[in-house]
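Next come two complexes, and both contain chain A; in the first it sits with chain B, in the second with chain C.
Entry: the complex of A and B
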């Protein structure tokens, strides 16, 4: 299973490295979202700085929708999904591999956005361990939910509108937990973010487990 | 078995009549018989007889939808009837969630002074509303009936799993809502006398209404299925007759 996961993850990341859709479209989109937040709330730093964590995570969530859509657009072109299904790879492995690839892309995106909020909103980066570990847990959770709903909605002709409707409400706890953990860390209270970190961890474990079990039947269906 | 019995015309009519009578009695008791409680803005306590029952039905409906999804996914109990049941229950659940939000909002305006407050129960309910709208959207994605049923069952479970996570997340975030009126775990009630009876009647009549609505939706789904099958058979027979002629 893990071997298959590594194969699928490497395949997806290699496609991303060559096509550079993430770098050329998703990352600039996330940047544009930050700029728009700045225009909507700014220019006063007093308004932007306290909101930095929340705006950061909303930008991540919106970009995650695009990353998931991209991950399944790759499979729907040239009947690649049939190839994947016939490849004999363990469905759980495919789920973990696609999830890991999306999580890796989200982490890169989060690194870029972190620089963005520090630069544009004047957020003072503190509590590095909490910032990094919440990014890690949140990315895994978002990627897991994203892959489950990605495959569920990929059968629909209206997948562009269906995926955000399914994905964003389920991801609400991640938005809340990650924003609160970041708020605490940025305000220099990294010690009090424990409950939010555990929420992010529970979410990630829950949906990785569900996806590992449920992905097989869903992949056959689409 | 139980479903088949509920599904007969006569039983449905009796159920509908009971639900209607229960509703009328609840409205009459709630508006004219029960006293106005101290500590509430004028008359708003009467929302007590509809708001908790609406929320209760919402949970029953989603619980039913989840149970049916589980039964559909379990290979031994897999049957299209559980898929229809999940769909019917979730549809009614979404309607009751909308009503819970509206009645809660009106109550909030009179007690807290705002139409909307970022209270855990309220926020969770709003997210539930959107979650299950998504579930209904995925049910409408066309495909082979078995595929659609399996896809919907998984989507139903994924949505339901999110509910406790959302609830705890939002509870840690903030808390403003008044405590539950009836503690379901201990059976202890915080209202007494005619108020308690009216509330209990509210619970019963709203639950009956839910069952009645759900049975109708379920019947519609079964009939739609049958129409598809029989329509296909009729078309085949017609084509066959033409060929023989």
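Entry: the complex of A and C
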């Protein structure tokens, strides 16, 4: 299973490095989301700084939809999804590989957006361990949910609109947990973010477990 | 000797629409069978059923000694399928696509490299082509890359859905040679076309199975008799 996961992850990341969709489209989109929210809230740092964590994670969440759509668009072209089914790869390995590739892209995006909130909103990046570990747990959780709903929606004719509809409500606990953990860290209360970190960890473990079991039937039957 | 493919009253559905409406068919190991029939007859569905891309709704399907309903993954490792689509990734090069497919089917890195090199050479994907991204290839070159994936996997059962489509004359001749080589190596081949008189398919096949409406409507024992019947 791990061999298959590594194979799929390397393939997906190689495709993304060549296509540069993440760099040329997803990252600018996330930056635009930050900028537009900033404009909506006004130029006052007093208004922007408390909202920095929430705006950061809304931008990540919306960008995650694009990353997941892109991951499955690659499998739709030339019916590569059928090629994956025929390949002999363990479905759980495919799930973990695609999830790892999406999580890696989200982590890079989060690094860029962190610089964005520091520059645009004047956020002081305190509580580094909480910031990094919440990014890790949230990225894994979002990627796991994204791959589950990505494969489910990719077979539908209305996949572009179906994925956000399925993904965003389920990912709401990540938005909540990660925003609260970041709020605590940025406000210098990193020690009180334990409950939110636990929520993110449980969410990630739960959806990785569900996806590992359910991805095979979803790939075959949808 | 057990048949390579044994279908009994095989039914496959797309929603409530019958793709296959009770197909019974035996194909011996080492045999080349030409599946013919008009558009919508069920040729592609029959081939896709044999590799588990289409689900069996009722009946039985034993492929290379494995029950498709119970052991689909094993069957898929033993089968090579060439469909209407190429299953290739446009951003990867020809060689990377082959290596991914071969590593996915369980080959070690060194085996995959050797098999990919040999398959690319056989399909005349040489010079700059192995390092060219598939998205930059012509349709015919992509088709040859897809065939190279099947060749590299060295399957025991070849499922070729209209394999000559999109190939120029030289590539068609090359494909026929490859299929003949596969058979002489002990592989079984099912290939489909909607034309009974398609030269490549007809010359290669030991017999023709004619489908219509998702059923077998004729399975002459010898190609010669079928050819005479058509004429």
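Definition applied: the second predicted complex is superposed on the first by the 221 of 222 C-alpha atoms of A that agree within 3 Å, B and C clash if a C-alpha of one lies under 4 Å from a C-alpha of the other, contacts with A are read in each partner's own complex, and residues count from 1 in each chain.
Everything below uses one rule, namely that a contact is a pair of C-beta atoms (placed from the backbone, for glycine too) under 8 Å apart; a residue touches a chain by one contact, two chains touch by 3 or more.
Since the model is a prediction, treat every value here as computed from it, not as a measurement.
Trainee: After superposition on the shared chain, which partner residues are touched by A:131: those of chain B (first), chain C (second), both, or neither?
Mentor: Neither partner.
Trainee: Classify the contacts of A:77 with the two partner chains as first (chain B alone), second (chain C alone), both, or neither.
Mentor: second
Trainee: Touch check for A:177: first (chain B), second (chain C), both, or neither?
Mentor: Only chain B is touched by A:177; chain C is not.
Trainee: So, A:203: does it touch chain B (first), chain C (second), both, or neither?
Mentor: First partner only.
Trainee: Answer with first, second, both or neither: which of chain B and chain C does A:103 touch in the superposed model?
Mentor: neither
Trainee: For A:217, using the defined touch cut-off, is the partner it touches chain B, chain C, both, or neither? Pick first, second, both or neither.
Mentor: First partner only, chain B.
Trainee: Which residues of chain A are in contact with chain B in one complex and with chain C in the other?
Mentor: Of chain A, residues 221 contact chain B in one complex and chain C in the other.
Trainee: Touching residues of chain C toward chain A in the complex: what are they?
Mentor: Interface residues on the chain C side: 51-53, 55, 73, 76-77, 79, 81, 83, 85-92, 96, 100-101, 103-106, 133, 142.
Trainee: Can you name the residues of chain A that touch chain C in the complex?
Mentor: 4, 7, 11, 14-15, 18-19, 74, 77-80, 82-83, 85-89, 220-221
Trainee: Residue numbers of chain B touching chain A in their complex, please.
Mentor: Against chain A, the touching part of chain B is residues 127, 130-131, 133-134, 137-138, 141-143, 147, 150-151, 154-155, 157-159, 161-162, 165-166, 168-170, 172-173.
Trainee: Chain B touches which residues of chain A in the complex?
Mentor: Listed in rising order, the residues are 145, 148-149, 152-153, 155-158, 162, 165-166, 169-170, 172-173, 176-177, 180, 195-196, 199, 202-203, 206-207, 210, 214, 217-218, 221.
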